[in-house]
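What follows is a set of structures for review.
Okay, so chain A shows up in both of these, paired with chain B first and chain C after.
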Partner chain A sequence: MSFLEDIRPVLAQRFGSENLSDQERARCGYDLRLALDQERLLELAGLLKEAVCYLEYITAVDQGQVLDLLYFFGRHDQPPFRLQVRVAMPKGVAVPSLANLIRAADWQEREVYDMFGQRFAGHPDLRRILLPDDADFHPLLRDFKPGPQHGGEVVNLERK
Partner chain B sequence: MLRKTLTEDSFYLNLGPQHPSTHGVLHLLLKLDGERILECKPLVGYSHRAHEHMGQNRTYLQFLPNTSRMDYLGGLCYNHAYCLAVEKACGIQAPERARYIRTICAELNRISSHLLWFGAYLMDLGAFTPFLYAFDDREDILAILGEITGSRLTYSYCRFGGVSRDLNQNFRDGVKAFIPKLRKRLKDYRTLVTKNVIFLNRTKGIGVVSPEQARDWALTGPNLRACGVAYDIRRAEPYSVYPEMEFEIPTATGGDCYDRYWVRMAEMEQSLRIVEQALGRLPDGPVKTAGVPQWLEPPAGDYHFSYESPRGHLGIYFVSDGGRVPLRMKWRTPSFNNLSILSEILPGTLVADTIAILGSIDVVIPEIDR
Partner chain C sequence: MVTRSALPPELRPPVQMALLDDILGIVRANSLWPMTFGIACCSIEMMAAGASRFDLDRFGAGVFRPSPRQSDVMIVAGTISKKMAPTVVTLYEQMPAPKWVIAMGNCAISGGPFVYDNQYAIVNGTDVILPVDVYVPGCPPRPEALIQGFLELQDKLTRGGKTNLLRRFRRRPRAERP
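Up next, the complex of A and B:
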């Protein structure tokens, strides 16, 4: 029995089957998507850590009023397994940090903070990681417009 | 360079950002008690070029040349990965011949990346000769790849739906001569380095990473396989023509510097096997799918793609709204996580071992900084 078949009912039971959706791996590259409330993030991460999953990466997508935080969990296993956890956060609200539970989250959360300004409550060292410490902007937010103060204007195409 | 703290008997040492052993602009802030490291903070971002931001402001094709500039040692692999990711989202299938050519080129690129690492690593440890030999071998690969790609490092060879041009006779002859040459050289390296007592003393039992630590810090690639976890995306989530290839996944069990070295050396042999098989079975036919539009418009949705780069799990994630420009473009680069483990494994070791451990992780800084 594959890990996916094992974990699917557990996730559906604990986090609600209405929040869990099957994805077509051949198309989008992951098996499951779980929409999660931020309060239960640590509980989920603990569960996945116990199930010897690893945190592949954390990223975010700016949706205007909210920031969709995306956590990808994978497994060193055959057949492959990949879970996308989606936590919708109103901008400016801190989300619990996973850094004390999963060490890989330390830098990954710092990157999300750096690029999107998302704060992580309980992170041991939430500093910028790629941009200079004195930067006053978060460049992957949609309302960010690069200008001369960021090292020159960006010449680009307009969105269709 | 040295900063003495007033309250303790320890001091800070800045290793980098401009230091020949940090392989690029990496800055390690080390807290030392004499020669012993108490704390290590890697500081990155010196070569941040906003690749993700650029990806979100360009069409898919316009972003293609950026890909090989992230990891300049595995540029073709990054090209390949990006093309596969976009092709999958758009439902484009590259012709059989192109898929073989891409695999051959990606594996040659992997070998050249490992060779450069091998030479540079041994130089870090004080051995100069292997460096000259490795660069001689690597130069052959760069010449072979230059023959069809037109570039030495920052390739833009793959296209959506194929490759930019077909192989020529020089390429075939070059590869056919190179395979036995490198096999002989790998034997030389074994006698010169692998059993060398000085090398063994510098690397055995140094910088040990357990499989649990590796998972916790999301290590991938040879660094993970050196801990005994046989996880390779080419096997776990096969792409291109890898399912048809016979190759092994070398693993070691110690998780120390020596094992990371050993895994990469064994991987080169496996890559040679793949190149040999793929070149032998190379089918005829076109190398590009006809009718791929210049402006690709993947259906609305989000897409993830995993690829085994020379340094580990390369993940490409992008969100499309159905338009020509992605809404979000994220690159999970393997060195980012591979480097972060330094803050865990360096404390307790000596300064001299720092270089051995850092080198053995094989990081490419521009890939971390993006």
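Up next, the complex of A and C:
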């Protein structure tokens, strides 16, 4: 019996089968998609941590008014298992941080903050990670328009 | 009796009137100390240049020092992101003078493929933040190209290859090169 068959009824029972949808792994790279409310994110992460799943990565998609946060959980199994968790956040609202539960989430959440400006409540050290500390923009947002002040000749060598 | 003029030129003692700067230039040129420092893929070629096959040691520049305090050549081998730029400058400032900079690869020369309208993360070349002595083009440059860069730097320090009396080889004239 595969892990997918084990975990699917558990997720369907606890988080609602209407939020769960099967995906074709060969096409999109993951087996299950779960649409989740942000209040239950920590609960889900704790459950998956107990089930020896690991956090593969966190990313986001700018949908205009809403930022879709995407969490990918995987498990080294045969056949392999991957779950996509989709949390729709209105822009400017903080989402609970997983960093205190899963250490790998620390830098991942910093990157999402860096690129999309999403705040994570309870993150121990939410600083920029890829862009300079003094950057005042979030480049992967759709309304980001780089100007000459962002060009390659403008470098701030001051360190904080 | 063998007279001095009968000796082949490479066996004649290298006695020459020179300014102190010229002597120091010869000494420095043949004992360059690069810093162990690579910021992107070009550094893989830099490591190859230092390893046994290409053997940068033949030119007196093979011992990569793990501290800027012990180095006098900084090889900027790779893309400089804006996040990294202050660190690169700090490392340069920590090196004791006299010191030289080799910009290795297109990213270190000009920003390379990362220069386009609306890019926000990459510095357009080492010369935006540091004085550069030798540019080594390529993406990445072959180890031989980096070695040639070192020879150019040596020539710069000794004001030409002919005055580098301690060098143990001579380059073929350009016409004879393959």
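One rule holds for everything that comes next: the second predicted complex is superposed on the first by the 151 of 160 C-alpha atoms of A that agree within 3 Å, B and C clash if a C-alpha of one lies under 4 Å from a C-alpha of the other, contacts with A are read in each partner's own complex, and residues count from 1 in each chain.
Note that in this section contacts are C-beta pairs under 8 Å (C-beta built on N, C-alpha and C of every residue); 3 or more make two chains touch, one makes a residue touch a chain.
It should be emphasised that the depicted structure is a prediction, and the values quoted were computed from it without experimental measurement.
Shared-chain residue A:E56: touches chain B; no touch with chain C. Counting the residues of chain A touched by each of chain B and chain C gives the higher count for B.
In the superposed pair of complexes, A:P139 makes contact with chain B and with chain C alike. Of the two partner chains placed around the shared chain by superposition, chain B and chain C are both touched by A:L130.
In the superposition on chain A, A:P9 makes contact with neither chain B nor chain C. By the touch criterion stated above, A:G46 is placed in contact with neither chain B nor chain C.
Shared interface residues of chain A (contacting chain B in one complex, chain C in the other): 130-132, 139, 146, 156-157, 159. Taken together, the chain A residues at the contact with chain B in this complex read 27-30, 52, 54-57, 59, 61-62, 70, 72, 74, 76-78, 80, 82, 84, 102-104, 106-108, 111, 115, 128-132, 139-140, 146, 154, 156-157, 159-160. Every residue of chain B that touches chain A in the complex is listed here, in rising order: 44-45, 48, 50, 52-53, 56-59, 62, 88-89, 215-218, 224, 229, 231, 235-237, 301-306, 313, 315, 317, 319, 323-325, 327-328, 330, 332, 336-337, 340-341, 344, 369-370.
Residues 130-132, 135, 137, 139, 145-146, 150-153, 155-159 of chain A touch chain C in their complex.
Every residue of chain C that touches chain A in the complex is listed here, in rising order: 81-83, 85-86, 89-90, 111, 114-115, 118-125, 128-129.
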